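Let me begin by handing over the structure; questions about it come next.
Chain lettering (A, B and C) follows the sequence in which the chains are written, and residue indices restart at 1 in each chain.
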Amino acid sequence: RIMRPDDANIAGNVHGGTILKMIEEAGAIISTRHCNSQAGEPCVAALARVERTDFLSPMCIGEVANVSAEITYTSRHSVEVQVNVMSENILTGAKKVTNKATLWYVPLSLKNVNKVLEVPPIQYARKEQEDEGKKRYEEQKLDRLETKQRNGDVIFPVINPEPHTVGYSQSSLIHLVGPSDCTLLGFVHGGVTMKLMDEVAGIVAARHCKTNIVTASVDAINFHEKIKKGCVITVSGRMTFTSNKSMEIEVFVDADPFVDEPRERYRAVSAFFTYVSLSKEGKPLPVPQLLTETEDEKRRFEEGKGRYLQTKAKRQAQMQQAAQQ
Amino acid sequence: RIMRPDDANIAGNVHGGTILKMIEEAGAIISTRHCNSQAGEPCVAALARVERTDFLSPMCIGEVANVSAEITYTSRHSVEVQVNVMSENILTGAKKVTNKATLWYVPLSLKNVNKVLEVPPIQYARKEQEDEGKKRYEEQKLDRLETKQRNGDVIFPVINPEPHTVGYSQSSLIHLVGPSDCTLLGFVHGGVTMKLMDEVAGIVAARHCKTNIVTASVDAINFHEKIKKGCVITVSGRMTFTSNKSMEIEVFVDADPFVDEPRERYRAVSAFFTYVSLSKEGKPLPVPQLLTETEDEKRRFEEGKGRYLQTKAKRQAQMQQAAQQ
Amino acid sequence: RIMRPDDANIAGNVHGGTILKMIEEAGAIISTRHCNSQAGEPCVAALARVERTDFLSPMCIGEVANVSAEITYTSRHSVEVQVNVMSENILTGAKKVTNKATLWYVPLSLKNVNKVLEVPPIQYARKEQEDEGKKRYEEQKLDRLETKQRNGDVIFPVINPEPHTVGYSQSSLIHLVGPSDCTLLGFVHGGVTMKLMDEVAGIVAARHCKTNIVTASVDAINFHEKIKKGCVITVSGRMTFTSNKSMEIEVFVDADPFVDEPRERYRAVSAFFTYVSLSKEGKPLPVPQLLTETEDEKRRFEEGKGRYLQTKAKRQAQMQQAAQQ
């Protein structure tokens, strides 16, 4: 579809969250279709996880987003979908890859939302594809277990914070879940959640460096807990790390099923977003260093540095590999 | 994309206007892309006309709309696009044709919006395709001239109208044109206008028969005048004709460029929408007869009857033709 | 227009904020049109104030909102607009007054947003209308001065609050101002701000009593400071007072022009919203009493009680007057 002014920031760059939402909708359609392709209990595919994704080039107002999706692996209870997004300038005809994302879906019964159904297996062109898919499946399973433990953290408010401290830029928003945010099962679309997360992370980044910022990448996101229609969700973000030209922001989503439910507020999702700051000509600008004050902030900064160096090393290895081929 | 609760009425049927908006967006993308396919002045394709379209089967919340578009004819300054919409129930896999529409676009220069550019010609597989396209082109050109004259009519308010009279159900809404309603040129997307027209026509129909109503068809719509960002548009509808099971509603769109422009309020579009009334089981219900009071109302009723009988005759002829083949 | 699922809460009652937004749009259109009715510098009418308004009966999904607006007074630099909202059930034909609102607009030059233009005078049918309008004008002018001083207050966060305390239900959201939120001048529509305020106030009320809540009334709101496109706005709400069957919530709007502007964060608007709690059958429910802890909370509770008793007395006086006539 054509990108509108509402999809973009003042500089005309489409929000990463808008793109993530389109990606998730495409993934939900293809996996729901696949899981219902054999006679049996009708089901809706729910997003369980999005792998790390890089935003390779910005998309602008007036461009057309082409989204294509393909199922690349099925386990007994989950579906892996690969989604590619291309931006097309229909005036010049120029096309660019915006990003590629890998998503995992789980089919939930339409009659009993707590029942996970079986996924019809797909056919692989080559045996290696199945083996590689299985490897990816095992890896993400491990990672999902790990993040489940990290989820206890809370963002505390700070009074009168200094510029460039963690407290200065941290932000949160609340959103009442409406009918259009939800799937047929009455649970929030993963894409809606990711769009809100990107919105908060973007505000944190902009508050820190006071320039035009764009989403550079999103770390793997695990959706441990469903969020029901009528909940209030609180999305909070704080900066964890800055390199010379990038900022890492941790985002938490808490759901508060405050009407008609005996349940307490709970952590539904958490993730790391990376942003870069751009000049008016679209060139990356230096980012002011994050000032850490507490022990926790210093620890998170070091952890963020670890993730940053790891990603950098991985990317260099890939580039060398590509150069050798 | 997946149909959401906001796209539909209370009974869960997707508004005809939502479908028209998707159709127009697809048409605008393919024709803008085509008109820019040769080096030259960049342009944006603006909707000039939509041919009569029938809504063959209703679409529901949760279904996926598949929209495909193809260029079927080019004249020197205009492009004909054929758009097909299929509704797909991704739970059952069932697909149904929702409707087919034919749209005409005109390329306007991005630098000078009053300049119509030339359209690169397309290749036809067979000579007859070109001839048939040319015939369609000439026909719509004639029809556009005719409607240009009809446009002077105005809807007057009525105090304390009786049920089932024209005055009882007539309705209007105003809308302030925002940035997301507009193309790159700063003019309202034809699809946005059609969505508002369907909204008003639907309210007129529901007021008349007080049941669940759905769009059955839309007569050819000509977009004579562009509408600029910042305008206030008034969309008004009145019932013109009822048959046993259908209602015809005439809709006017007036634009009021009330800031920054010396120009008076003007008629931008007008069109006829046909609605049917449905029971809870989705069966067509009888429609209360429209009570005409003034001479004008009686004349319009007769004209509407003429259009109704003509369409009926055309459809029967097509069915006989199909049966003979 | 027809009320959609996204306009309403889970119980199907349309949000007060949605109605306020429609009211403001109607007011902005009629006053901008009036102020441009004489040749001169083109201008856009900006909302300066909304008088106290009561929500007389809830509106539901599927109903049609009829909004009508009329200019009732003009001073040299401002316009008073009276807007009435009726809800119409188009299935039964039943119509009910939803609310009546009085709004004040000021014409700002399109070329120089800081220049207030002169308003063309309207003709009054009777001399008393002009005198009464002038009285209302003077009254609101006084009230605007008063609130300007109250605006310094800040909502401090509370860690681990007890149920029914002020800290327990207080909430805030941030919103990045997008193009669709703004007028032609690039400033946020007053209606958009009021919708966000109602959203936050509604969440505060729902968190306090954990039932279905609806907006009962909104106190006079003064828009002292414009909010520009690209700002981040923080909308925060805290409960100030509870009676047996109602809750009063104070809402603050702070604007943070963090990109490209030397200006600090500032208070743009503040207002009091009153909510009631409804059972599933739509009957008012008792509200849990607000537990006040600090001196400030106790003081605000007493002030809220004062406003509550004053409003109650006024309403009783009006009813007696009406009974005597």
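Following the convention adopted for this analysis, contacts are C-beta pairs under 8 Å (C-beta built on N, C-alpha and C of every residue); 3 or more make two chains touch, one makes a residue touch a chain.
These numbers were taken from a predicted model, which means no experiment stands behind them.
Copies subunit A and subunit B of the same sequence differ by a rotation of 180 degrees once their CA atoms are superposed, given in steps of 5. Judged by shared residue numbers over all numbers used at their interface, subunit B and subunit C contact each other through mostly different positions, with under half in common. We define each chain's centre as the mean of its Cα atoms; on that basis subunit B and subunit C are separated by 37 Å.
Shared interface positions of subunit C, i.e. residues touching 2 or more other chains, are given as 5-6, 179-180. The touching residues of subunit A, when paired with subunit B in their complex, are 1-2, 4-6, 25, 28-29, 32-33, 36-37, 42-44, 61-62, 64, 88, 90-93, 110, 179-180, 184.
Listing the residues of subunit A that touch subunit C in their complex gives 5-6, 9-10, 156-157, 159, 171-176, 178-180, 199-200, 202-203, 206-207, 210-212, 229-230, 232, 256, 258-259.
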